[in-house]
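All chains are identified by letter, namely A, B and C, in their written order; residue positions are counted from 1 within each chain.
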Amino acid sequence: MMKKTNRSRRTLLKLAGAALALPLLGGSAMAQDLSGTVRIWTFLSPEGSSPREVVLNDIIEQFEGEHPDVDVVVESQPFQELETKFVAASAQGRAPDIIWMRDTFLSLVSDRGALANLDELLSEEFKQEAIPDMFQVFVEKSVFDGKRESLPLWPSPAQSIFYRKDVLEEVGLEAPPLTWEEFIPVAAQLTEGDRLGLGMPTNDNSVSGFINIMSGFGPEIFDPETGQLDLTGDQALQAANVVRQLSEQGALSPTLLNAMGDDIQDQFAAGRFAMAQAFSPRFQQFKSIAAAYDPEQLAVSAWPAFGDRPPAVLLGPYWTVGISSKSENQPAAAAFLEALYTPEASMQWAQTAGLVPDRQSVLSDPYFSTPEAETIMTFVDLLSAPGAMVFPQRLPDITKVFPVLNTALQELIGTDEDPAAILARAESTLGW
Amino acid sequence: MMKLLGRLALASGGLLAAVLVLGPLAWALSTSLKPTNLIFAVPPELIPSAPSLDHYLRLIAEGVQWSFINSGSYAVSAVLIALLLGSIAGYALARFDMPAKPLVMLIFVGTMAVPSFAVLLPTQLMFVNLGLFNTWITLPLLYAAHVVPFAVWITRAHFASIPRELEQAALIDGYSRWEAVWKVVLPGAKPALLAAAAFGFLHSWNDYITATTMVDTPGLRTLPVALIFFQGFHGRDWGALMAGVVIATIPPVVMFLLFRRYLIGGFSDGSVKG
Amino acid sequence: MTQAASAAPMERSHSIASAARATRRAGTALVAPALLLVIAINVLPAFYGFYLSLRKLFFFSDEGFVGLDNYTSLLTDPLAWDAIWRSLLFTFGSLALAVPLALLAALGIRRMGKFGSLLLTVLLVPWAMSPIVVALLWKWILLPSPGGLAASILSVLNLPPADFLTNPTMAMPTLIVVGVWRTFAFAAIILTAGLGQIPQDLYRAAAVDGLGAIERFRKITLPLLAPSLLIVVSMLTISYFNEVQTIIGLTGGGPIRHTTTLGFLLYHTGFVELDQGRGNAIAVVMFLINMLLIAGYIRLLGAPKGRPAS
């Protein structure tokens, strides 16, 4: 799967060079006029010391240095509750100025009129330079009825498969097979003693491994009209059978029922899995807590696909950042929003936190040819892979879909009930 | 012989019960004092060989002390409000005639019986619409309202058991009505007031569900919410979490130990006399 | 108030009446603040919840009146009935464990004298703790990985780590045990007090009559303790029926919904899925079941009894 690396890297480099050739004007034209407080709701904590938190604090410090009259205040929230709390706060007129949201909740928040039209707030130069420089697959999703309501942050393949090269070598492989047909027996083979072939969170309402498996059929799994999945169709049944087979062969275990992403992360560090579903931006964190294996052996892969489809990469849920329609300090909020996406900021997100830069042009920096940046370039490849797809702009019943499909996933792993019956129940619970 | 065996059984039963209760707490304390690399040691160290306060310092570095202070001030203000309103109402119900007294009593006893969780969702939506959601007064107000019925119920019973003659004697001695209440009636109801105060503190300090659904800015967050928040995102840091368990447990347990006589008395009197 | 108080007897009856009116007014005024607070915050939301349950309300956006739709969809959903059934399982499972344990503890404590009250204090420590903190503590103890406390104890017995919280058949019993660990001593206080009310002469007389220990328990202790037992059972029933924090902290309703009680379903539907219309319908159903339970116990007990909501 690494074969395409060079080609796509080269295209990106060309793109990047072109973007850098444009004069970099720096966004301080209106700096003098800005003042007041900018409140931000994010899941990052101002007291935290994780890589992303370090970078955010740096950006804030620099921004406040350039705009001495602006005070940026970060109020951190549990990440699963950001959208809810924002809508409640917005209804009550005490919304923060800037809000972090998952792309899957965007339409719900937008429908409630809680987000400002960024086209009216962002500077012309930012619109002309920065936005075209971002990964377009994410950028378009934030435009509702012609209004740009948020900007994607940290482009990422979201849920991918992390694996240990040392364990795959035991069966003579360099990377996991990329069709389910081949993947299942390998996962079974890698299951040995206390070690499971595949780890998956089954109780984490912010992800759905089942949709990741279904994405092996491509973007058509989402109905173009309704955004729904056909849970009683043949593709869903095949996906369910993948889970059932993995479980019957021991590669997925009932001990995973109730597992959250954090549990998978802890147990991966303890050497519990050969491969596991994981949130890509946490790659560095996985490495840093590796206890039972050599962190250098950690690698990342796309998801297997069905038939002869290309390997699946479901790009989401990912983070997007917007400005409250009720914000009383929109100019300062917009200026800070722009500060998150300067080429310098993109370099920082990449170098300190191991994230794919939001501005593609910076990929021409020599840093990205160093071995240190190898993982980032792998992610870049995944983002532009032929099997890459995003969630539809309106995924209906978003607050229910993930919990319901996770329960179905648990039933597929933990019971021997007929997969068709499990899927039918999920469909009726969702009322689809 | 039988007697000795019986005693032995009693003693070992008591010991077993104490170990089952205190063992888990000791394990939390032990974990909170271990350096991170020894937390998962096999076999586990029951008494940390190299105790460290790192996890407690980490809590402070993350600003958990502010949530601790929030929890404390919410609990204390809720108790003060509930005691003031509750004892006045309890006194009135014990001493004064008033319209619809049985209905009033039914409202107090009924609301004491229905746990607040059953009406939490509409309360949240009501507070959002009234602009009372997520303010500094939100939780003290809610906790006070949760505790008032108990305060009314227990103080009314105590006021009623203080003979009217005592009050009248004080009036004859030239005290005003309020002096009589302050100097004669209130001291007599001290056990009830302390029981209500201790119960109110435990209720407010220990709540998680109301706090997590009614308040959302970090500056207003309570300790249990801050601890749960600690679970996400960084993976689970069990050392810090157990340090949190220890500091969240100390205040209510100290409160309970100080006032256990009144608390136990309050509940058991209530049930015996009822 | 009437100035034309001319005849002495009239004046007296007037002043009694007005004094009575004055105390009634004073009484009302003194009760009013507490009563208004309780009505505003504990009673009003119940009615507001009923109003909202008749509307389609999702993610804070009110899409209008839908009649009883939320109720019909709830009551025709087999998963909702599963949740009601699990609430009963949790409630009565916990009762079945807590009441005998509390009775045993109370009997032991009565017999231990001074040590008894010390033991009672120790046993009550978990009751003073926050339910969510208790959940965190037990989650750590039960962690099925080497080095965890439960796993280490099992390994001494040569057993593998057990998935207390992830195994569908074990999750509910584990939840019950943890809930009872926190609450049973509260029942023991009331039973200890109840035992103290039984005249000792009865036991002496029974001993003279040659009744054995079991007979004495059956013929004297149990019947005379019945009122206290009823109070304990009623308080615990309501407390267990509404338990939700331990479930949120320990299992999150899983695995495969095996710990999704009605209370957890309410939390999940109303606060996580944000289907607030349906959530309010569940709240109304829960509220009604609570009222039924309370009414039932009031009938059984004869007089209104209080219950601390903790």
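Structure notes:
Note that a residue touches a chain if its C-beta (ideal position, glycine included) is under 8 Å from a C-beta of that chain, and two chains touch if they have at least 3 such contacts.
None of these values were measured; they are calculated from a predicted model.
Both subunit A and subunit B are touched by C.
Centroid distances from subunit B, each centroid being the mean of CA atoms, peak for A.
Should one ask which of B-C and A-C has more C-beta pairs in contact, the pair is B-C. Averaged Cα coordinates give subunit A a centre that lies 42 Å from the centre of subunit B. Rounded to a whole number, the gap between the C-alpha centres of subunit B and subunit C is 15 angstrom. Distance between subunit A and subunit C, defined via averaged C-alpha coordinates, is recorded as 42 Å. Residue positions 60, 145, 271 of subunit C each touch two or more of the other chains.
Across the assembly, subunit B contributes 40, 128, 228, 231 as residues in contact with two or more other chains. Looking at subunit A, residues 88, 91, 266, 270 sit in touch with two or more other chains. In the complex of the two chains, the subunit C residues touching subunit A come out as 59-61, 77, 79, 144-145, 163, 165-168, 171, 251-252, 254-257, 268, 271-275.
Residue ranges on subunit B touching subunit A, taken from their complex, read 40, 61-63, 128, 131, 133-134, 216-219, 228-229, 231-236. Note for the complex: subunit B touches subunit C at residues 10, 13-14, 17-18, 20-22, 24-25, 27-28, 31, 39-44, 85-86, 88-89, 91-93, 95-99, 104-126, 128, 141-142, 144-146, 148-154, 199, 202-203, 205-209, 213, 224, 227-228, 231, 238, 241-242, 244-245, 248-249, 252-253, 255-257, 260, 264, 267-272, 274.
Note for the complex: subunit A touches subunit C at residues 84, 87-88, 91, 108, 111-112, 202-203, 205, 254-259, 266-267, 270, 399-400, 403, 407, 410-411, 414-415, 429.
Within the complex, the subunit C residues that touch subunit B are 20, 23-24, 26-28, 30-31, 33-35, 37-46, 48-49, 52, 57, 60, 104-105, 108, 111-112, 115, 119-133, 136-138, 140-141, 143, 145-149, 152, 155, 181, 185-186, 189-190, 192-194, 196-197, 228, 231-232, 238-239, 242, 244-245, 248-249, 263, 266-267, 270-271, 276, 279-280, 283, 286-287, 290-291, 294, 301, 303-310.
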